[in-house]
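When the chains are written out, they are named A, B, C and D in that same order, and each has its own residue count from 1.
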Amino acid sequence: MTADRQKVVRLLRTARGQIDGILKMIDDNRYCIDISNQITACQAILSKVNKEVLNAHLANCVLHSSGNDAKEKLSEIAKILDQLL
Amino acid sequence: MTADRQKVVRLLRTARGQIDGILKMIDDNRYCIDISNQITACQAILSKVNKEVLNAHLANCVLHSSGNDAKEKLSEIAKILDQLL
Amino acid sequence: MTADRQKVVRLLRTARGQIDGILKMIDDNRYCIDISNQITACQAILSKVNKEVLNAHLANCVLHSSGNDAKEKLSEIAKILDQLL
Amino acid sequence: MTADRQKVVRLLRTARGQIDGILKMIDDNRYCIDISNQITACQAILSKVNKEVLNAHLANCVLHSSGNDAKEKLSEIAKILDQLL
């Protein structure tokens, strides 16, 4: 992985902490909407991680690829875009 | 929370396990796209949890609310829809 | 429909005008990314319309429903949330 | 644009026809959820167009770019991913 390792690890640990927090909220029988909002917040952190990973991938691995390797890497990106659109 | 507690807890533990797996992938210097795909898989699990929580909320808390309570609960749902649309 | 008719019609006409604009961009052989950005802008307008329609639906039709009608209306909302999450 | 022009134009005309249909539904005072579903269907068509445009762009314009041009084109893709994630 070419992304900023420290930043990515920090964000993933935050997301893991949030999941622990959500498990505790369920234990405490908290309100559905509060739990839903925390799930959404955790997904937002994971999106941030994904952006970091994919931005670095495009700016490094994809940019410095060529020939069949470039073709395959761009087809991987197309597949990700297809899932998101 | 009115959702199936056992199902929700099981899914959240799976998501936490996936984050541990992603942290290990970063440690093992795995390929960016493989890491990105695992992040997406973890987000899909969290979406599944969110659906469980919100479906149960609508079918229980919102359905059995009335007056100002119903008004507030529907405004919470509108806010969630606004973020998603 | 209970949403602000004038606002919704105005937004839909804007979206239709954007589609005409995109068809013209294709005719003019414009750059892929410029076309993609216009498609995204048009989708954003449609999202805005959808928010208007669903917010008004929640604040009127759903709020003033009861019994089996309320149950069905909340199940329609659950279905929409399921598609979005 | 490098995408299949005929397919893209056909889809865009379908989307425009759907918007005309939605305007008629509003005129006919149809049910909010039916209107919302048609808006979602129209957005799905536009997503399909966007996939066509971006897939062809990656497989042609981006693949055959190099140097600063490649750098800029990949940064455009990163920007689109950022909006979607």
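Here, a residue touches a chain if its C-beta (ideal position, glycine included) is under 8 Å from a C-beta of that chain, and two chains touch if they have at least 3 such contacts.
Predicted model only: the values in this text are computed from it and were never measured.
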Chain B to chain D, mean C-alpha position gap in Å, rounds to 27
In angstrom, rounded to a whole number, how far apart do the mean CA points of chain B and chain C lie? 24
Between the Cα centroids of chain A and chain B the separation in whole angstrom comes to 15
Multi-partner residues in chain D (2 or more other chains touched) are 47, 50, 54, 80
Going by the touch rule set out above, what shape does the chain contact graph take here: line, ring, star, complete or other? ring
In contact, pair by pair, are chains A-B, A-D, B-C, C-D
Partner chain D, residues of chain A touching it in the complex: 47, 50-51, 54-55, 58-59, 62-63, 70-71, 74-75, 77-78, 80-82, 84-85
Can you check the complex and tell me which residues of chain D touch chain C? 1-3, 5, 8-9, 12-13, 15-16, 19-20, 22-23, 25-26, 29-33, 35-36, 39-40, 42-43, 46-47, 49-50, 53-54, 56-57, 61, 76, 80, 83
